[in-house]
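The structures come next, written out as structure tokens.
Both complexes below contain chain A, partnered by chain B and then by chain C.
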Partner chain A sequence: MSGPASVAIPDSPLARMHPIAKIVGICSLGLSTIAWPDFTLGLFFILVLFLTAATAHELRPFAKIMLGFGIPVTIMLLFIQGCYSPKNTKTILDLGFAKMGLEGSLYAAKIVVTLMVFLGSFYLTTKTTYMGRLVAALSQVGVPSKVGYLILASLNVVPQMQRRITVIEQSQHSRGLETGGNIISRARAFIPLLGPVVLSSLTDSQERGMTLETRGFGIKGIRQTSYIEVQWRRADTLFTACITLLFLLVLAGSILSGMGIVPLGIQWGGRA
Partner chain B sequence: MKIVVEHLKHAYPNGYCALQDVNLTFEGNQPVALIGQNGAGKTTLAKHLNGILKPTSGRVLIDGVDVATAQTAQWARKVGYIFQNPDDQLFLDSVRKEFEFGPHQLGVSQEEIEHRIAKIAELVGLEKKLDSHPFDLSPTEKKFCAIGSVLMMNTGALVFDEPTCGQDKLGDDRLATIISRLKDQGKLCITISHDMKFVARNFPRVVLMRKGQVLLAGSREEVFSRQEILQKAYVTPPPITRVAQEVGIAKPVFTVAAFTEVIRQAGQKGKERG
Partner chain C sequence: MRKAIEVKDFSFRYRNALSSALKRVSFAVEKGSFFCIIGANGAGKSTLCNALVGLVPHYFVGKSKGLVQIEGVDVAKTTIAELSKTIGLVFQNPFNQLSYTAGTVAEELAFGLGNYGVPREIMHEKVLQVAHLMHLEELLDKNPLDLSGGQVQRVAFGSAFIMEPSILVLDECTAQLDPLGSEEIFNIVKDLNSNGVTVVMVDHDMERVAQYADQVMVMRMGKVVALGTPREVFTDPRTSDWGIDVPDYVKLGRGLQSAGFDLAELPIDESHAVQTIRGLL
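Now for the complex of A and B:
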């Protein structure tokens, strides 16, 4: 089940994977990155995520998101932590107005890779999962259908709002409003447009609540069935087991090295 | 004012081709109705007339100038566009401010704006509601508020997208008054509508579209007498026109009055002969 044609998801191992397995994957990768004493493991995960994105036919948008987020955040954090972290003792670069320290820079690298592992794995999950399937999977594991609907509805609201904004912008252009020019004049022109978007979304949601009630949503004491069936395959068990094991190993390794029992070969700083 | 559409083609980003080689000329002050099924391309065509949408190929000329040469906000001086859903258009906190917004954007003087408000508020029936919040208006009034806010810009041409949608008899009559007023002022009024009775009564010129193409463009008499083409486009002429066609009246009629007139004349002729 890859969803309706308008949001069709290309077939790939990641697209076939059970949504819950993917969520376990996100948590496991992210927490492992946090647990590992330095940024190297996270860097390795980012590489793996890029490869996975390629197999899921999402490499281009994935790279765009990762670089678009990664580069500015890296620069910002390197500057703040690298130059001004109180932990800095070893100077690696003299910028004149500030000295860049090794410890702060490594700490910044750790934060950046952690953020990017979470972002990347989450992005790949959302891009390769039809939301209906995710919600069906969630209600399979016992999440109430109301919560499921809430997730679906809030995910649907975004594209709907985008469409609305386009129409509202068009209608204001045809009333002579210019939204071009520099950033300030753009912002000034754009702010008044937000009013109708928010207001109409509010009235929409009220109507939607009423139509849901008339269709029996919220009847108590009934276990709702799902239109979409999500199957848990052996591959999902295998993946979940491996990725959980990976996390446990990383956790154990980090604790042991932290206590000094098993020293890592090289450790690139990074402890907070 | 003259709007010429030349070999207009428009494909949406998802690849759907909404318009295929449309050629049309809108000219003079005769109100024009755009009719056709949902998805025929009426709104897509209309949105090219002031540059809201850009052609994939072909061009639109307003008084000889290519629409693509300027932004929509510039064309707002020449072509007004009333959106189907007033909620997309209204965003200020009083009807008066809505009315003032367009002319302010165009740099019209306050004195002139006051003058226009007095006239237009009366025309759209909101003269007592000028200080109400648009969201407190009834759906019909909201629609007229949106119409009024565009009329205020005093453009040479106006596009109405589905103005009859959700209107009652009074609303329809008021719309008819607005359309005939625009005609008297020499303005070109282009209207998208599904209401064939409304179209037949108020629009001397009709453009019939189907699947992104123009099937017929001409006077309402010409268009509504081509039954086989209308059928192909799933458009049904107004009931009275169909009755007249059924009983074999050659000339298309659009109102009960016209119908009875034809019948009376036929009766008189019969008497004279008899």
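Now for the complex of A and C:
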């Protein structure tokens, strides 16, 4: 099972995968992209991630986040690195006010795909993993329960603060504070909310610490157990082995390519 | 009988506070008894509860004097987590009882068991038992933060007694429940008590205190002003000086006395009141 019924995670091979296997996947894809001499492998991984998102029924939000992040970052980096990188020797586009160089553009493309591979794989992992499963899996491999708690508590901070803002906003609104209207009046109404929200969040975290201890959290000499069972299946072993092997092959290839023994990646010309 | 709780000359003043929240408080609670603490707001009841579970002095910073012992262990010399094996607290505000890390009610109930390293199979079993007892079966898969105040109170209560502490401290733990729900919780508490669990309860419902308590302690401005059986406390003429109300049955008895009826003793609960009135008819 990928999570409780109340948590909307559509069933898919990715959702069923062990969270640790997914973490290995994120690391392998990201590091392989970094190791590869140019952006092409990263581009291929992005394509694979889009296909994976489709099988996980997450294509639309995935595309939204990837394009929403990818397009502006690509434009910005291409402009900065492409036009102003000191490595530029070969001009590929004359914009009039500046000349776009090949080396800077390739470097920008490499950065963009690397960021997008990390972002995409991390996004898919969080969207297809019930956080309780992730923490249970982490504690299974010996990660201290306090680290697991930190992860869960951090993920819960934003929704809790949102709830708190709604309550305080309603309370202020009922006492005559105008919270609607145009963006300026909304911003003006929002500023007085910040104090109570921050203060009450601090009080909440203090009380939470108190509660946790009265429920045995942090007790010494006991290995904590989890209510959620996370099984490591044969498919997880296969996936982890393949993705690790892929990274090792990419790493070996990149080293050999760097030494000039095996030509790897496309020869784009220029100095890069 | 052995003592579950022993408090000797315990005083506590919160940091930066002008006066002490607890002033030379002394009392003992026998194992397996039902002990109630009553008093007006600000009397020091919640501070005392915090002192019993170790939050005072480990969590709340201040100046403390005296001794608090839980089953022979000095609270000041152990940790809150260690104490939680023996003593459980249900807070006044149930939202303070949540771990805020559980995605479902089932996980919330199991949180404490996980901290004690209870095997998963036993955890599942216990969660189902408690859910059944607390009428939470339908909610097991829901997020605790999406529940109503009363439902969270049930979860909070369940998550405290699922750990099977030998002492249970209830600090006005039914404030958000309807009368029927509250009654159900107290029936469970009474069952636990008859199975040997020592119960320390802070409550403003005097009828309930009179009905359940073996011993009642009255607090006023951080001091213990009365300690005895419900009959001794509620029939004491100084109750209004202590700032506490008495059960309606006591008021009925006093009314009958002032109307000229000769009562052998004042009724303090429903069964006594029925007996008294039958005797008069």
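Just so we're on the same page, the second predicted complex is superposed on the first by the 233 of 272 C-alpha atoms of A that agree within 3 Å, B and C clash if a C-alpha of one lies under 4 Å from a C-alpha of the other, contacts with A are read in each partner's own complex, and residues count from 1 in each chain.
The rule is simple: a residue touches a chain if its C-beta (ideal position, glycine included) is under 8 Å from a C-beta of that chain, and two chains touch if they have at least 3 such contacts.
None of these values were measured; they are calculated from a predicted model.
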{"item": "Touched partner set for A:193, first chain B, second chain C, both or neither", "value": "first"}
{"item": "Residues of chain A touched, compared between chain B and chain C (which is higher)", "value": "C"}
{"item": "First (chain B), second (chain C), both or neither touched by A:237", "value": "neither"}
{"item": "Partner chain(s) touched by A:89 [first = chain B, second = chain C, both, neither]", "value": "neither"}
{"item": "Partner chain(s) touched by A:132 [first = chain B, second = chain C, both, neither]", "value": "second"}
{"item": "Partner chain(s) touched by A:164 [first = chain B, second = chain C, both, neither]", "value": "first"}
{"item": "Which superposed partner A:216 touches (first chain B, second chain C, both, neither)", "value": "second"}
{"item": "Chain B versus chain C as contact partner of A:174, first or second or both or neither", "value": "first"}
{"item": "Chain B and chain C footprints on chain A, overlapping residues", "value": "6"}
{"item": "Interface residues, chain A side, partner chain B - complex", "value": "6, 164, 167-168, 170-180, 192-193, 195-196, 199-200, 203"}
{"item": "Complex contact set, residues of chain A against chain C", "value": "3-7, 130-132, 135, 145, 149, 152-153, 156, 159-160, 163, 207-220, 222-229"}
{"item": "Complex interface listing, chain B residues touching chain A", "value": "14, 47, 50, 52, 71-73, 75-77, 79-81, 83, 85, 87-92, 101-102, 105-106, 135, 149-150, 153"}
{"item": "Residues of chain C touching chain A in the complex", "value": "53-55, 58-59, 79-82, 84-85, 88-89, 91, 96-104, 106-107, 110-120, 123-124, 127, 141-143, 145, 159-160, 163"}
